[in-house]
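Before I ask anything, let me first share the structure, which is written out below as structure tokens.
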Amino acid sequence: MLIRVINPNTTAGMTATVGEAARRVAAPGTKVVATQPDHGPVSIESHFDEAISAVGVLEEVMAGEREDADAYVIACFGDPGLLAARELTRAPVIGIAEAAFHMATLISTRFSVVTTLGRTGIIAEHLLEQYGFRHHCRRVRAAEIPVLDLEENGAAALNRIIDECHRARDQDNIGAIVLGCGGMADLTDEISEAVGLPVIEGVTAAVKLAESLVTLRLGTSKHGDLAFPRPKAFTGRFEHFSGLAPSGLPSTPNRD
Amino acid sequence: MLIRVINPNTTAGMTATVGEAARRVAAPGTKVVATQPDHGPVSIESHFDEAISAVGVLEEVMAGEREDADAYVIACFGDPGLLAARELTRAPVIGIAEAAFHMATLISTRFSVVTTLGRTGIIAEHLLEQYGFRHHCRRVRAAEIPVLDLEENGAAALNRIIDECHRARDQDNIGAIVLGCGGMADLTDEISEAVGLPVIEGVTAAVKLAESLVTLRLGTSKHGDLAFPRPKAFTGRFEHFSGLAPSGLPSTPNRD
Amino acid sequence: MLIRVINPNTTAGMTATVGEAARRVAAPGTKVVATQPDHGPVSIESHFDEAISAVGVLEEVMAGEREDADAYVIACFGDPGLLAARELTRAPVIGIAEAAFHMATLISTRFSVVTTLGRTGIIAEHLLEQYGFRHHCRRVRAAEIPVLDLEENGAAALNRIIDECHRARDQDNIGAIVLGCGGMADLTDEISEAVGLPVIEGVTAAVKLAESLVTLRLGTSKHGDLAFPRPKAFTGRFEHFSGLAPSGLPSTPNRD
Amino acid sequence: MLIRVINPNTTAGMTATVGEAARRVAAPGTKVVATQPDHGPVSIESHFDEAISAVGVLEEVMAGEREDADAYVIACFGDPGLLAARELTRAPVIGIAEAAFHMATLISTRFSVVTTLGRTGIIAEHLLEQYGFRHHCRRVRAAEIPVLDLEENGAAALNRIIDECHRARDQDNIGAIVLGCGGMADLTDEISEAVGLPVIEGVTAAVKLAESLVTLRLGTSKHGDLAFPRPKAFTGRFEHFSGLAPSGLPSTPNRD
Amino acid sequence: MLIRVINPNTTAGMTATVGEAARRVAAPGTKVVATQPDHGPVSIESHFDEAISAVGVLEEVMAGEREDADAYVIACFGDPGLLAARELTRAPVIGIAEAAFHMATLISTRFSVVTTLGRTGIIAEHLLEQYGFRHHCRRVRAAEIPVLDLEENGAAALNRIIDECHRARDQDNIGAIVLGCGGMADLTDEISEAVGLPVIEGVTAAVKLAESLVTLRLGTSKHGDLAFPRPKAFTGRFEHFSGLAPSGLPSTPNRD
Amino acid sequence: MLIRVINPNTTAGMTATVGEAARRVAAPGTKVVATQPDHGPVSIESHFDEAISAVGVLEEVMAGEREDADAYVIACFGDPGLLAARELTRAPVIGIAEAAFHMATLISTRFSVVTTLGRTGIIAEHLLEQYGFRHHCRRVRAAEIPVLDLEENGAAALNRIIDECHRARDQDNIGAIVLGCGGMADLTDEISEAVGLPVIEGVTAAVKLAESLVTLRLGTSKHGDLAFPRPKAFTGRFEHFSGLAPSGLPSTPNRD
């Protein structure tokens, strides 16, 4: 099974981080390919960064289709381009925010999110609403560290995150913590040990959900609103999307 | 990895059905033990049946703890005893209704449920509300067949289910269908083929979620409201629950 | 009119407490029978305790049917077995949590709950959601006292409850307080006097709601999902539930 | 105990109807006084009618305070002036819409409303939202009869209501029906018999809730947002409201 | 274009304040007439005040109809009589609470409300629920100043409001503040400057929404539940409402 | 005042349509510039089209900033890139879906949406949820016409839309209809006349909301989560976004 883990930003170090995290939990028969777009922001910390990054995510899904990927993971906590990506393929596509939220509700009744910058909290709130987990999440917290500090200033960043997790544990009446950034994918064990309650990270969660769906032969529904986009003309620097057509995968709804 | 799949009713044929379904999707290293309580109803078709069946579910979890089970699946669509079962163990416990709902939202934006009897629809509605998926489910439908007809009258039951699934597909503006009964665990392929859109069944979905959590070393949170029950006296036929204490599993929050 | 007040735990002292509270508010023509199961936990402080206690509750309803009870009260704040109990009878069945919530919304726009242990707060939250009162309740608070301390350590327990009620009054922007435990049924007056705002307790509230429904000749609907359970076989220690059938009450929907 | 049942419109026949309904269910020691404002609309079929009627309702509450009424019922399905009325008294004030909704959720899991004119359906929807019962009500239906037809054209009106109730029973997947007009207070038995499921009417329901609260010594909270209005000047035809002050009832929160 | 700005209380100073605020933002061709009822409370600080004030609001709308007003603004933050007023006219009718909420969501993702007295907070909460903005508002705060202090004790009142706005900015994780009283219509600039984030006031917001709808030729829908009230008899001091009939405006749905 | 109306697709004819509609309602002092991206899809009929179009929208906002635009309108019913666009400017940015929804709630209590293709209905549903109007919208309907048919096959498209609007009026219990596509901006009058109830179109609505905010000197909040994006490196075809910095507008929160 081939899972394409897409880091939506263009920082290679972060691609490596999420790739390693993914491989650490992947099943024996699973091949993880971690990629990043050629075009886009070096980190995603705003609606603007996220909107631009979605193009790269979609191109990575198209590239994956040419290599017959069995599933995709979008490794940024805003799940950029998730529904658009699902339109492009019969394979499952999993966002790391949704993956972490789903897993958190299976082992606790209430959780908090600890993310990087406060300004991205609204993105998590909107996703919680759309996915149905508004009431399962007690609070979205921020450690107020820029995303790239996770790469460049790791020890200090980790301390701030752990401090915020302690506050979540002691004040929020929760059973688990969700880490709100793909760049934290390698910190789960340390944080969980320091904080003493389950800590869920989305990259690893998404890999297991993707494997699960593939094994269950459940792919993105092509019946209704996630069907392949109608082929059409695109102009300018997006002309290569013109006449986009599904890659001819078998049409049985449960994949085989 | 040892997963205990608990059929909450006492019909051995149904235990066999869910066990086979579970094994069909389990990973190579996973051992599935399918069990059923000694005490309880032969099928679950009401709040009453469900309440009684919860006792057997909980005893099966305790039995599993003595055998060091790594995870549990509760194979009845009402998820009877789910939160109580989670209190009894550090291992993950997954209900098949929640499992099916979670998976459905990962491959479609909206789904419908097709269950057995209309009277149990309210159980699904309450679970959808509690889990957060009220708005992801367009409609809870019933084929109006008693649960045991799935065992004893399989062909006719299958036809009625497929008919209802056709109506769901054509009228509900959905991308996927969730089958609302553990006894339908062996029908997924036939129904999906007949109806032409993804059909999600909870037993198989729950097995994969359980495996996923075990691999991620995420167990039921013992911090807060799912901690082990306080040991206390029980009387009469439940005296054997007196002084119940956690089985001494290691205390690191992420299991190892 | 005969109202059966069922204490779901097996502690006789608590049965006496709820029985006295019930009798204090019952109408002249109402006979209150306070009972407790022979089988079950001595107190209810977890999902597990609650699940086991539901069996005893249901047996007490069946016993009540043989004595032509006119209504039932389930005197534990988690309302254990409520919907299952309703299936067993045409008579009204009232849980004390729902009773207290309903009454609280009739005399205030927002209320808080003060319960025993923090770990049971999630039970109140789930009930508030199911009953529709999520937004009427500002906060679920816990005095962090074990249930049986109400019996054995009354003065200290009362002080802790009053302290928490003061915090609720001063911080929560509320008009009333709901006491979250059947064992507090005799404390209402003292607490209300100490705190200076209305304090609602569920046992007394439920008795009045039960009397009201009986007088209105409104019984549990037997049309749809609360109809009598389909008779079926039960095994083992629950064999006596086999072939359960409605007791032949008149079939007019509004009782007479 | 003195309960003042206020018919918010000025049609004496309807006051008689609600008064009789109230007396039919009142406890032996309860005295029901049914009144109507001197000023206002002859029926309430719009937001406009309702807004004007609220003034009369409030004057009737003030009149009741001078007679030491123990509780109030507002006998129009829009519950006009309900929160304002609560501000004027320590006594409980119950609206018939809320009363009917509360009772309906105690005997069924889902209900429908059958009201007079479709245009007033939005009023019921807004109340369901505010009271928390949005999801307990499957549908608000209208028989499309003017309110006064209940008085003047009773037989034909009854038939239309029964027809609509049949549709509710057969199409809405419900367990009970709420009648959406005070003028239907005398039709409950006939409709319930014709339709074969519980039919809840608000006047009788409200009387029993009011009696219940009085017996429980629970009055409208004067702590917070339902406290007595700040006395102030009113001008013109409302000058008599100037300097309005609480009538000096004892200040213990639970009434005695 | 003629916009009638209705101050629902009878304090002329406040009418002047809202009139000036309205004129300050009105388009060149817009004539603003600021009025107040002859009958009603001098300020609105409770459900009771609000209910009485609604009558005056409605009479002011009727007066406006006789003068062919093109739109109406109800200049009290509780939006008293809003839906009733809409029934009386084809013209748009805008409440200042709804206007402020709508505008706030267009320039921020989350806002807080700062109002006068804590006891009126519940009115804002109910409106937020009805209008759909419950989750866009983080918190309803009160400066605890009586409404008329805005007139009589302006400097002190302003300071308290600014203090509360500072707390909102620093604690609530918001992007904007909504002022919760028509009497604050002249304070926007000072508060915004002091607090450093956008401050939305409803009178000015409502004037622009009213102008917008008129320009778009969109009037209150007369199809369905906001149609003109059915003419009928009124008694006593409201007899002049008898036989109320629409003023014969053209029946095209988009006004011209 | 300069309003930049951005057609997110690259079809010049549609840009002309929305520009004309905008100019038709703009105030005398308002200059409308209608633009379209150089790069992107010719129409927007899927999540994929929408994600790609967001880049062009954002570039058009940046272009507008260089020309000191006072406000922006995003003229596609999915409001693509809305929150990202708001980050880029102090000026108001209005999406046509939100604009239409807001206006619809001001003139009716419930509305339906009539859009082009059923597959885009989910986009409208998600926006309704995020904006808070889920319960104000009875139903999202589709005429099942491709977007460009509005340009190329106008008469037939109009007929299908009118047919669907008739069904909405007759079946949905609504007061108004929202047209769910920017390409319908010139059809409002015809449809409203044919259907007989108010028809709201988003381009014109958004222009008036944008003008209103500018007049009120209310711009997008730069306090909190809509602050300017943190400047950073972008790679590849998005390199021109590197080091993006706010254009140095004055920092007073209410614009001047």
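Should a chain be cited, it is by its letter among A, B, C, D, E and F, assigned in written order, with residues numbered from 1 in that chain.
Note that a residue touches a chain if its C-beta (ideal position, glycine included) is under 8 Å from a C-beta of that chain, and two chains touch if they have at least 3 such contacts.
Note that the structure is predicted; figures quoted are calculated from it, not measured.
Contacts with subunit C and subunit F are shared by A, B, D, E. Looking at subunit C and subunit D, the chains in contact with each of them are B, E. Most remote chain with respect to subunit F, judged by CA-atom centres, is C.
Look at where the CA atoms of subunit C average out and do the same for subunit E: the two points lie 44 Å apart. Centre-to-centre separation between subunit A and subunit B, using Cα means, comes to 27 Å.
Averaging Cα coordinates per chain places subunit A and subunit D 52 Å apart.
In subunit A, the residues that touch at least two other chains are 83, 86, 109-110, 118, 121-122, 129, 134-135, 173, 224-226. Taken together, the chains touch in the following pairs: A-B, A-C, A-E, A-F, B-C, B-D, B-F, C-D, C-E, D-E, D-F, E-F.
Interface residues of subunit F, counted against subunit B in their complex, comprise 118, 121-122, 129, 134. Partner subunit B is touched in their complex by these residues of subunit A: 25, 27-28, 83, 86, 92, 94, 98, 102-103, 105-110, 131-136, 169, 173-176, 188-189, 192-193, 195-200, 204-205, 208-209, 211-213, 215-216, 218-221, 223-226, 252-254. Taken together, the subunit C residues at the contact with subunit E in this complex read 109-110, 135, 173. The touching residues of subunit F, when paired with subunit A in their complex, are 10, 37-43, 45-52, 54-55, 58, 81, 83-84, 86-88, 118-122, 126, 129-130, 146, 224-227, 229-230, 232-238, 241, 244.
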